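So the structure is just underneath, and the comments pick up after that.
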Amino acid sequence: MDIKKNVMTALEELRKKNPLVHNITNYVTVNDCANAILAIGASPIMADDINEVADITSISSAVVINIGTLNKNTISSILEAGKKANELGIPVVFDPVGAGASTLRNDTTTEIIEKIKLSIIRGNLSEISFIAGLEVSTKGVDSSEADSKNDAVSIAKSVAKKLNCVVAITGEVDIITDGETLIKIKNGHKMLSMVTGTGCMSTALAGSFAGATSDYLTAAVAGILSMGISGEISFENYGKVGTGSFHIAIIDALSNLNPEIIRDRALLEIS
Amino acid sequence: MDIKKNVMTALEELRKKNPLVHNITNYVTVNDCANAILAIGASPIMADDINEVADITSISSAVVINIGTLNKNTISSILEAGKKANELGIPVVFDPVGAGASTLRNDTTTEIIEKIKLSIIRGNLSEISFIAGLEVSTKGVDSSEADSKNDAVSIAKSVAKKLNCVVAITGEVDIITDGETLIKIKNGHKMLSMVTGTGCMSTALAGSFAGATSDYLTAAVAGILSMGISGEISFENYGKVGTGSFHIAIIDALSNLNPEIIRDRALLEIS
Amino acid sequence: MDIKKNVMTALEELRKKNPLVHNITNYVTVNDCANAILAIGASPIMADDINEVADITSISSAVVINIGTLNKNTISSILEAGKKANELGIPVVFDPVGAGASTLRNDTTTEIIEKIKLSIIRGNLSEISFIAGLEVSTKGVDSSEADSKNDAVSIAKSVAKKLNCVVAITGEVDIITDGETLIKIKNGHKMLSMVTGTGCMSTALAGSFAGATSDYLTAAVAGILSMGISGEISFENYGKVGTGSFHIAIIDALSNLNPEIIRDRALLEIS
């Protein structure tokens, strides 16, 4: 598999299809997520009321769920949107923001995993580790690797196998796997952690790609790689100016991203 | 009527009066709306709890209603604010974001139109077309033009007559009418559609002008024209840089807008 | 007391400790608050559901409460977070946005003051004046100065004594007092009032410092001074460009702030 080529093709597909991405997300980074989705070439719609989520999901090409400012009213909306998406074969991308930090987030994460067939989960190591530790009864394969949680790769693989979905753990090196193939991304810059929402945007970008290709491993890699490369370009141009300008320049770089930039910059390892 | 002159005067009035604009809006673009309102010279206040909307409307010069992330709790707040505004003669400006896309948005749009006397409605062609298709019993004149929905101009005119308010359909050419006079604006740039919230900001700007002048046709034109001109200026300076910088430069241009810039750049047609 | 030295030390402490700051805040300026908290060197977490606020407060070093878009669901969350913070000795910083403007905000402000032991209150003159006028039964010292509300200094001092906390009234000259010591800050720029959220960010910054030092007078001064100096630097570089660029450059300046800049620029008076 030539993953770099796949990502380049996925970007072209995304820009041709301009998929509508339904986001149920947090109110902190929602504007950045909408602008990142537009910058990459998709269209965002945010809707979280129980009385309309099914309608909105029905007209969308992907659903992105982010529990960054989880609210009890939204939980039933998430489940409803997920149910509708599963019925219609629309991919669901999940960002378990803060899983592990409160009972509400833990319980909601557990419920989402049990009730919704997810296509991609993206989180940091502690969030995905929380999921790896869950004793959930799912439709996925129960992996013996669930016990060997000694490193990010085996955690990601075990969750991917157990839930039969693509799992991404982002960090200094990003790890993305469908349980078999493993991709490592060495792009990005540590300044990305100085701006709120870069993780949420990565997930929203993965959702944008998932709305344009049914190869969800490629979609997850493409979303996270797009953010990593954009962070690098932004840092080169504005890293010295400050985190405000760096933040804006990430969106600039996303809007200028093209297959050639991916070809020249992507630092991908496949195994 | 010299509409360009009217807009120039309205901007001077707005900056003199610094009207308070009460927004019940969505959480995606709310920060941009607040900053656009400040940039043009008005003052924003956001409040959507049923227990305070009447209080906040009472101290405001205009109310802006935007259903971009509609929530069942907010619907009663919208109706309460609208009722209070109508009682006090405060203009209500409505942005029916996504009308047509879900039953909740459709029903809410219908209820708003039936229960609130609106001063200005601004939307895209599909949103205003949805309103044109409604069989609502309103206090306005029922127009025979409601049947000739073959183009944006007749749709806008029919809604304006039916609801006795100013209607704006924004697009490549913006159409604004009070049912009689028709104004076309040829300003703006297609890159505006690459940033979330430029429509919401146009509505918020129309609301800002409506807080400073009781000539709501001028207010609507002024709000939409301000965004169009600012988009052009921003594109000239930052269009090549990316959508992030373009976004910020729109606010810059709004804050620098003055009657001379309007005189030199406004592309208005009146008929 | 060498307040300038204290602020310089507090900034170093903050960057060493990277405190987690729990925000229950409004949806207008929340992204800016999160990025300001990151820029100064702390970590933001936003959580407002009643089912998780106690959990989140428990892992945080400070709680910031802002009633800018107050919502009846959030009131109980505020009280719960405040109760937990008081139990654990975690400082609570309060921004009574719009106190005086609606019954809901007035009643909530009163309830917060009666039920939560606050460490810092930051507001503008009218907000703090509203609090000064309350006949609340609190644990603090009831000051005879409560009657001499003829100027900002005596209002701030009376509230500080009555509630036994640090009170900051921001304006052209910022006034910060613990009821005894009075600090005036002459930094800042009037363009800060042209961007939404600069007050909210000041409060969030005060909360960030309060998460790193138990000297809350210094924390309040440090937070407000950081915003004032950053506003000046931003104005020098981008004031002529417009309010959009000025807004972003405030975050840039916060992220570049260091003890030397504070030493060279701080205009502090102590009495």
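For the reader, a short list of remarks on this structure follows.
In this document, chain identifiers A, B and C correspond to the written order of the chains, with residue numbering beginning at 1 in each.
We adopt the following convention: contacts are C-beta pairs under 8 Å (C-beta built on N, C-alpha and C of every residue); 3 or more make two chains touch, one makes a residue touch a chain.
Since the structure is predicted, the reported quantities are computational estimates derived from the model, not experimental observations.
Matching CA atoms, the turn from chain B to chain C amounts to 120°, rounded to the nearest 5.
Interface residue usage between chain A and chain B, two copies of one sequence, is largely distinct: under half of the residue numbers at the contact are used by both copies.
Once the centre of each chain is set as its mean CA position, chain A and chain B turn out to be 34 Å apart.
Of all residues in chain B, those that touch two or more other chains are 27, 31, 247-248.
On the chain A side of its complex with chain C, the touching residues are 26-29, 31-32, 68-72, 98, 101-105, 194-197, 241-245, 247-248. Remark: chain C residues 27, 30-31, 34-35, 38-39, 44-52, 55-56, 59, 73, 247-256 touch chain A in the complex.
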